[in-house]
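Each chain gets a letter, A, B, C and D, in the order it is written, and its residues are counted from 1.
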Amino acid sequence: MCNYAEDEPGEVFTMPSPLILVNLKSYQEGTGSRAHLIANTAQIVANESGVTIGIAPTYIDLHPLCHHFAIPIFAQHVDGSDPGAHTGQITADALKLAGAAGSLINHAERRLTLADIDASVQALRSKKLTAVVCTNNENTSAAAAALSPAYVAIEPPELIGSGVSVSKANPEIIKRSVDAVRRVSSDVKVLTGAGIQSGECVKIAVDLGTDGVLLASSVVKSKEPGVVLRDLVSRL
Amino acid sequence: MCNYAEDEPGEVFTMPSPLILVNLKSYQEGTGSRAHLIANTAQIVANESGVTIGIAPTYIDLHPLCHHFAIPIFAQHVDGSDPGAHTGQITADALKLAGAAGSLINHAERRLTLADIDASVQALRSKKLTAVVCTNNENTSAAAAALSPAYVAIEPPELIGSGVSVSKANPEIIKRSVDAVRRVSSDVKVLTGAGIQSGECVKIAVDLGTDGVLLASSVVKSKEPGVVLRDLVSRL
Amino acid sequence: MCNYAEDEPGEVFTMPSPLILVNLKSYQEGTGSRAHLIANTAQIVANESGVTIGIAPTYIDLHPLCHHFAIPIFAQHVDGSDPGAHTGQITADALKLAGAAGSLINHAERRLTLADIDASVQALRSKKLTAVVCTNNENTSAAAAALSPAYVAIEPPELIGSGVSVSKANPEIIKRSVDAVRRVSSDVKVLTGAGIQSGECVKIAVDLGTDGVLLASSVVKSKEPGVVLRDLVSRL
Amino acid sequence: MCNYAEDEPGEVFTMPSPLILVNLKSYQEGTGSRAHLIANTAQIVANESGVTIGIAPTYIDLHPLCHHFAIPIFAQHVDGSDPGAHTGQITADALKLAGAAGSLINHAERRLTLADIDASVQALRSKKLTAVVCTNNENTSAAAAALSPAYVAIEPPELIGSGVSVSKANPEIIKRSVDAVRRVSSDVKVLTGAGIQSGECVKIAVDLGTDGVLLASSVVKSKEPGVVLRDLVSRL
């Protein structure tokens, strides 16, 4: 069962820290059998290192990955609506049924209205699933924290997919975002992302007060995802 | 293999007419094991009657249904983008990989920009998949036909889920939409939907020149979907 | 000059409390000469009563109203972008040039992404204009407060235009929203709306800790807006 | 009165060809007094040359420009809704009241759903205003023509603001789009845009069968808009 969070006493459904969360996006290198390979590698590295590693595949790969692996599997997006007459939507109910651990919400490539972010967070919480709300700066991180998700994941848009790590290029934004989130809620954990590619980036992020990282291309597009994953957890 | 269209000589990838296409939406009664039950029933009725019956489940149920059943399985939405850095999207590539026959596009509950409808249609065609573009009136049906999808599915929004059948309440809009589509392209087939619930509705729709129907709640929410499906094909 | 806020020492650019803010929407009864009539009446009642009354007309009426009246005139929406290659947008720069006092942001009839709400609030602040962020519940009110607008305006969507006053139907949501906003920031003022139609509604709202009300149809669609406006301020 | 189209016998409300339509976007150089200067210059050049020149300013400048100048003034966007409870929208009714000649619809910087494009076109037509639907390629140009606007304006997105003229870089897309529109309707006129900057570009566009051009930065950002406008009409 991949939903680590279900038995926690609290109501926010976080994972053990630190968390390395890998977004497979719609990359060809992260779809179908390649998604299975990355999930399998992630599980091996998680077991070796004791670090929590989650994977967010496409909707289509969600169900098989949840059933084949014990690591937490996330959706890339979830709608806040209840089951019903909604075409082309992903409900929290369907995620729960598929065995998912939670979902990203409001990723830079899938922005939502404030009202919809709130609805998605509440829908996940009502199913005891883990909500990771992505944000673009300090202000929106504080705003997202007010919705009581498990995680806020701050990703400066100009660094996403840039190959330049946020933890090196802009450690101040991480620090200020952690502080901004803490002022609103001490229960909400913080991830950071954008350009994360090595164990050193991860260590800086954790030292700055975050609970882990959200990353994508450096794992998914690597010919050796196992090498990258082992490096990512190496300094924790 | 559920993709009926793949071996056709043309480029538009339609199904044999008439087509009964059942949208499972996000209904609880159409998710998970219930989706399998409906697909199984649809396959039995299709075999009995010789009528093509397609099913459009949630993204998560797409892959297992494609592998378990020979009837055409559709996505409820597809994005026009190539594989890549797109979070929370469904690409035509992923649909092809999953074994889908095609996808709905621009459903009333998931409207797209004109540019995005075009991109989605072209993405499906490039993968030899069947594009069903939903429209709301005669004008937009003609416009959609200009994008050369396999099907235009006209659904007057005020009748969707109403229990009032478009083929009885507004046969004129069906006739005018068929004519409008024909004026733009003789290759594009027409479905109609909204309130379709019986074999009589289907017969009227086909007599008015359509190639079939798009429907949802009357099958999905029925306690006996087999009874409804057998009725739907009974007058063809 | 209608921008009350400009000379305030703080950085949030609020108006004197209480504030009665009338959204003219796209009502025929609030466009063109009718907008002038309502603004003129509002100015008379504001002068008589000493209560601040603001008007939010359509974009087209913004400039003439700003030049003819001394009461604060708001836009109904503002985009966060700088001047540039943006077609069909309203910039804070253009609002400043027109003489506006500020703008509504994220109204229920014009929802924005979280990132865009933040950009719009910051754009207004940089021009010393008053930002009023509309929200739908307690959570999103707290989230909006984290963006440091001048006002958060909480409007339960089910009561908008209902003729049922939020202050009578659901005083608890007002109280909880005021508390939620206060926990995030003591600088952000709170308005409430939805169904407000009498001086009694306004008094309850103010007694519950808000700084005023946001309303529309009960003034705009009245044959005697002066009678309604005088009633609205009568218990303050 | 700037609405050239009103007295035409047909129902599509086009302008005399060729039409030079200048989109002022949200450029600082096209707002307020600068909008007046450009409109005044356009009127002088239109009178000198006999060529129809239209201007599309921001919403706020729409009303004063309509009243000061006899050339056709367009909105940059229009919503399809009737007057009513719509916050932050621009109705065709409000445009008519302001004296506008028509509106751009679905500009690359303000894309709409297909259903909304249709609603906007019909709203303009019902008020005898000129609809200019922007499109990105041959397919969407044909689709837009099926909605019976006065004009389809094809602008390849990769050339917008590029300084590379569509009429030189990609004359084939203009020719194919004109043909595609003609196949759907012989009443709909075609404009082309993206990178248009000289009389030679305009001449090529007209020689390829279009009824004029849509352009922006080369006029708006010029220090001498009169020089640019005189050049644009010089080869007609």
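We take it that a residue touches a chain if its C-beta (ideal position, glycine included) is under 8 Å from a C-beta of that chain, and two chains touch if they have at least 3 such contacts.
Model, not experiment: these values are computed from the prediction.
Enquirer: Count how many hops through touching chains it takes, at the least, to reach chain C starting from chain B.
Expert: Graph distance in the chain contact network comes out at 2.
Enquirer: Could you let me know which interface, B-D or C-D, is made of more C-beta pairs in contact?
Expert: The greater number of contacts lies at C-D.
Enquirer: Find the chain most remote from chain D, comparing centres computed as mean CA coordinates.
Expert: It is A whose centre lies farthest from that of chain D.
Enquirer: From the mean C-alpha coordinate of chain A to that of chain D, what's the distance rounded to whole Å?
Expert: Measuring from centre to centre gives 45 Å for this pair.
Enquirer: Between chain B and chain D, what is the gap in Å from one C-alpha centre to the other?
Expert: One centre to the other, that is 37 Å.
Enquirer: Return the distance between the CA-based centres of chain C and chain D, expressed in whole Å.
Expert: 34
Enquirer: Mind pulling the chain C residues that touch 2 or more other chains?
Expert: Not one residue in chain C touches at least two other chains.
Enquirer: When you check every pair of chains, which ones turn out to touch?
Expert: Listed by label, chains in contact pair as A-B, A-C, B-D, C-D.
Enquirer: Contact residues on chain B for chain D in the complex?
Expert: 106, 111-118, 122, 135-137, 139-140, 142-148, 180, 184
Enquirer: Provide the residue numbers of chain D that touch chain C in the complex, in ascending order.
Expert: 23, 25-28, 31-32, 58-64, 75-77, 81, 83-91, 93-95, 97-98, 104, 107-110, 160-161, 216-217
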